[in-house]
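Here come two complexes built around chain A, the first alongside chain B, the second alongside chain C.
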Partner chain A sequence: MSLDFNDETFRGDFTYRNSAKAIKRFPFPFPEDSYMYSVNMEPHVPGAVGSVFEHMFDVDEHYVSEMRDRAQVLADDPLRCQSLPHMELAGWDLLELIMVSKARDYPHWFELHRDGNQWHWINRPLQIDQKFTFMDASTLPYGPMEYITRQTQGDFTLQDQRDDDLWIEAGMVTTQADWSLDFDIGMSFKQWHAPVPLAHQMQIFDRALKFLLKLQHGAPVRRFNWTMTVDPLLDTSPENYPKWGPDKTTMTAETVGRRQHLRVELQTLHRLPRSNAIAFPIRCYLISFQDLVTVPKWARRLHRVVRDIPDELATYKGFIRNKPLMLDYLAPFDDGAATSPGFGVE
Partner chain B sequence: MSVGAPKIPVVVAEVVAVNDLIKRFRFVRRDGGAMPVFSGGAHVVVEMDDHGTRRMNPYSLMSHPADSAGFEISVRRDEAGRGGSLYMHNHVRVGMEMVLSQPVNLFPLDARAKKHLLIAGGIGITPFVAQMAQLQAMGGRFELHYSVRSPALGAYVDRLRDHYGPRVHVYHDEFGEKIDLATLLKSQPLGTHVYVCGPKGMIAWVHATARAMGWPDRAVHSEEFLAPPVGQAFEVQLAASGKSITVQPNQSLLEAIEAAGIEAPYLCRGGACGQCETDVLRCDGIIEHNDHWLTDDQKASNTKIMPCVSRFRGAALILDR
Partner chain C sequence: MTKTEFEPAIPSRPSYGVLSPGIGSAHLFVADGEGADAVCDLLSAADGLKAASHIIYVPGANGCDKSTALQALGVAQFHRSPSFAAALPRLTKVLADAHMGLQIYTAGTEGLMAQVAAAAQAAGLPYEAVQMEHRGSLARRVQCVHCKGVTENVTLDPFQCSHCGLSLFVRDHFSRRLAAFQGVCIDAEDPGQIPASVERFK
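Showing the complex of A and B:
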């Protein structure tokens, strides 16, 4: 593995680590000292150099190890990647979007050469050199969506649009915050969001759906979501809950700083051109509490968010049991000083 | 939240008189770059500077969806209209610079359909030209039934017959030929989806016939862009901007808002997409709701208006814009 990428694990001995650089660019998701649901979408336009927003699809130091973890999840459970038959065109749209973006944004790692439908894709970090015919799935080792998402960090779902609704009908889901593609596939927008507490009464989903149905090609949007995860485990799936759920009960005051992680999802939404479907990449970033508190503003703010969050949300996000442990750990870092608005470190 | 995608600066590359009523326009990017590919059924909004009046009309794309060299639209001349089509016919020449929106699809194919039954009337053929090209490339099963006034006004009939052979069925009003819709619908395989684009009466006829025969509503799709109707001039107060404006007889409310320098959201400008929906703060009078978007209850309550096509008669109208 090259100097650019960590050799680390997201299971077993959990050797996952963030470098100082990765901590500095971590997408802290709270713009203020409290949290409630909102339709917090903004244009997905390029952000500051070095930030996770710099490029359309962020490739970071965890890339190669994350792809190795995904391959293992798929080997254990192939149903984590599914595409209903009518979604193949959307899969090609997604493959094109990712290949074109990565080759443009990271030319030292990725190259794409196109001569009509004869394409040549080079992925240096994963040592892939693939010639294939665009729109001919028989020329790739997997379907187009599976092929490209085995090489791209983050989960992906593809939503078909019809009957004034969005239908989740394809996806690659191995780094999820406790939801199952196999369970949700084929559902409408409100069906797959049904378990979320409070937001329905706030009409969040009515407004979000209306917005997304009008999403335009060339104008992607983004939002954050977040939860809490014990140990840097990417695959917190319902399918494997018996394996990882009990780990929530073994955290102690001595281990909470190392084991408790804030899990942030950078979610982007892209209208796809040929299929008129919507691609929904869900990129997961993990940071341990002990790394997070090295930024004083983040430490103060996270303490206040966790302290004041409604119990329904702490329950839904799966950390109500460990909330006292988390608060005991974070409280000494909160001196009561005011925090500046926004995501910045101060 | 903004849904605004960057607009496409283009130059007119080709103008072709297809018949007495229809002209076809081809646009390429001014910078020589590639157009986005699109999905069959998508439209673009064409911005026109009609001697100082800004017109923005939606037209279905009819070029091949995979052709990223240029976009093509066909425009039917409407002598009684507000002037957009007349401007396109009388003033747009090869080499002129214009601006297009990104493609938006409000009339997509249902990708799950086992077969696509396409029913067109007149200029309603245009979205189907792109859809058939896309279906052909993907091996989709389809059939076109195309009603035209006369052979001379049957735009693209020869070209479509050359490409798609017996899948193209043409009916001439002049010869009393009529689509036998009941028989057609009765003979379709399960899983067929029906699409209709044409005059208002044709769209209503297809929906009503299919419904009466037990077709699920979700298997019958239509697209009808309304041209903003002309009417009496009226006054509107825009509360958020603190401005009062007058909407001229041949101007839409949306155009009047834009002419006052106020940014307002829109996509289709034809009463179909819902993007320009605006809250009504006060209404002393009658809103002429001309859109396909608001529900009957919403229209009756006069709390929302679609400024792209709807008008007002009365003493006072105050909008949250």
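Showing the complex of A and C:
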């Protein structure tokens, strides 16, 4: 593995680590000292150099190991990647979006050469050199969505748009916050969000759906979501809950700083040009509490967010049982000082 | 038994209405258990439909068998099937052979109605093309999210998955594609600590 990428695991011995550079660019998701649902959508435009927003699809030091973890999840359970038959065109749209973006943004790692429909894709970090015919799935080892998302960090879903609704009808989901693609595939927007507490009554999903139905090609948007995960486990799937659930109960005051991770999802939404579907990448970033508290503002703010969150949300996000441990760890880092608004460090 | 009153449900769970005569050249009814009453109510009030009606009936898992009443309606075709699985090849054939204007009605348990709607969708019909009326048992059809096996007629919560044996709690989250509610391991975080089952779905 080259110097650009960590050789690390997201299971077993959990050797996942963030470098000092990765901590500095971590997408801390709280713009204020408390949290409640909001649609919180903003244009997905290029951000500061070095930030996770610099490029359309962020490729970071975890890339190669994360793709290795995905391959293992898929070998164990192929149902994590599914595409209903009418979604193949959207898969090609997604493949094109990712290949064009990565070749433009990271030319030292990725190259795309196009001669009509004869394409040549080079992915140096994963040592892939693939010639294929665009729109001819028989020329790739997997369907187009699976092919490209085996090479791209983050989960992906593809939503078909019809009857003034969005239908989740394809996806690659191996780093999810406890939801099942196999169960949800085929559902409408409000159906697949049905288990989320409080937000329906707040009309969050009415407003989000109205907004997304009008999403324009070439004008992607983004938002954050977050949850908590014990150990840097990417595959917190409901399918494997009996395997990872017990680990949530063995955290102690001595290990909480190292084992408890804030899990941030950078969600972006892209209208696709041929299929008119919406691509929804859900990129997961993990940071241990001990790394997070090295930024004083983040430590103060996270303490206040966890302390004040309604129990219903802490339960839904799966950390109510460890909330006291988390607060005991975070409280000493909160001196009560005011924090500045916004995401940035002070 | 009359139409079931449901508590407010999360948005993935279908809502059900009352069967009413549609305008069409043929009428297909699929019912289980007490769903037979909804079919009888409709056809008694719409006598003219009987000559173009086909009823597929599955007695309820709770023992409710109203075959005699349905047979007495005198419809063009009546078929009693021991289970929905056994009825599915016939249903699939009828849907494949259907002409424009076929009206589809289903009544009874949620699991049966959802499987009928899924079969209709597989045959190319929209979900809304199937009229649904809930009657009788609230027993649920539940997919184990872990082993993917479906357990029929679940009345207890938690219950033991009939395939992998895990103790599952039953969520209200419902997949129309799978025609099933979702079951999730209840003691994943504390293996062996399984609360006593209660009869939640009668």
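Keep this in mind: the second predicted complex is superposed on the first by the 346 of 346 C-alpha atoms of A that agree within 3 Å, B and C clash if a C-alpha of one lies under 4 Å from a C-alpha of the other, contacts with A are read in each partner's own complex, and residues count from 1 in each chain.
One rule holds for everything that comes next: a residue touches a chain if its C-beta (ideal position, glycine included) is under 8 Å from a C-beta of that chain, and two chains touch if they have at least 3 such contacts.
These numbers come from a predicted model, not from an experiment.
Colleague: Per the contact definition in the header, classify A:Ala219: touching chain B only (first), chain C only (second), both, or neither.
Modeller: Touch status of A:Ala219: first partner only.
Colleague: Is A:Phe183 in contact with chain B, with chain C, with both, or with neither (first, second, both, neither)?
Modeller: second
Colleague: Spell out the residues on chain A that touch chain C in their complex, using ranges where they run on.
Modeller: Listed in rising order, the residues are 79, 180, 182-187, 190-195, 200, 238-242, 245-246, 248-249, 321.
Colleague: For chain B, which residues are in contact with chain A within the complex?
Modeller: By the definition above, chain B touches chain A via 1-6, 36-39, 41-42, 65-66, 102-105, 108, 110-112, 134, 138, 218, 267, 273-275.
Colleague: Would you pull the chain A residues touching chain B in the complex into a rising list?
Modeller: My answer: residues 39, 41-43, 86-87, 89, 160-163, 210-211, 214-219, 221, 273-276.
Colleague: Taking the touch rule as given, give the residues of chain C at its contact with chain A in the complex, in rising order.
Modeller: Residues in contact with chain A: 10-13, 143, 145-146, 148, 166, 171-178, 182, 184-185, 188-191.
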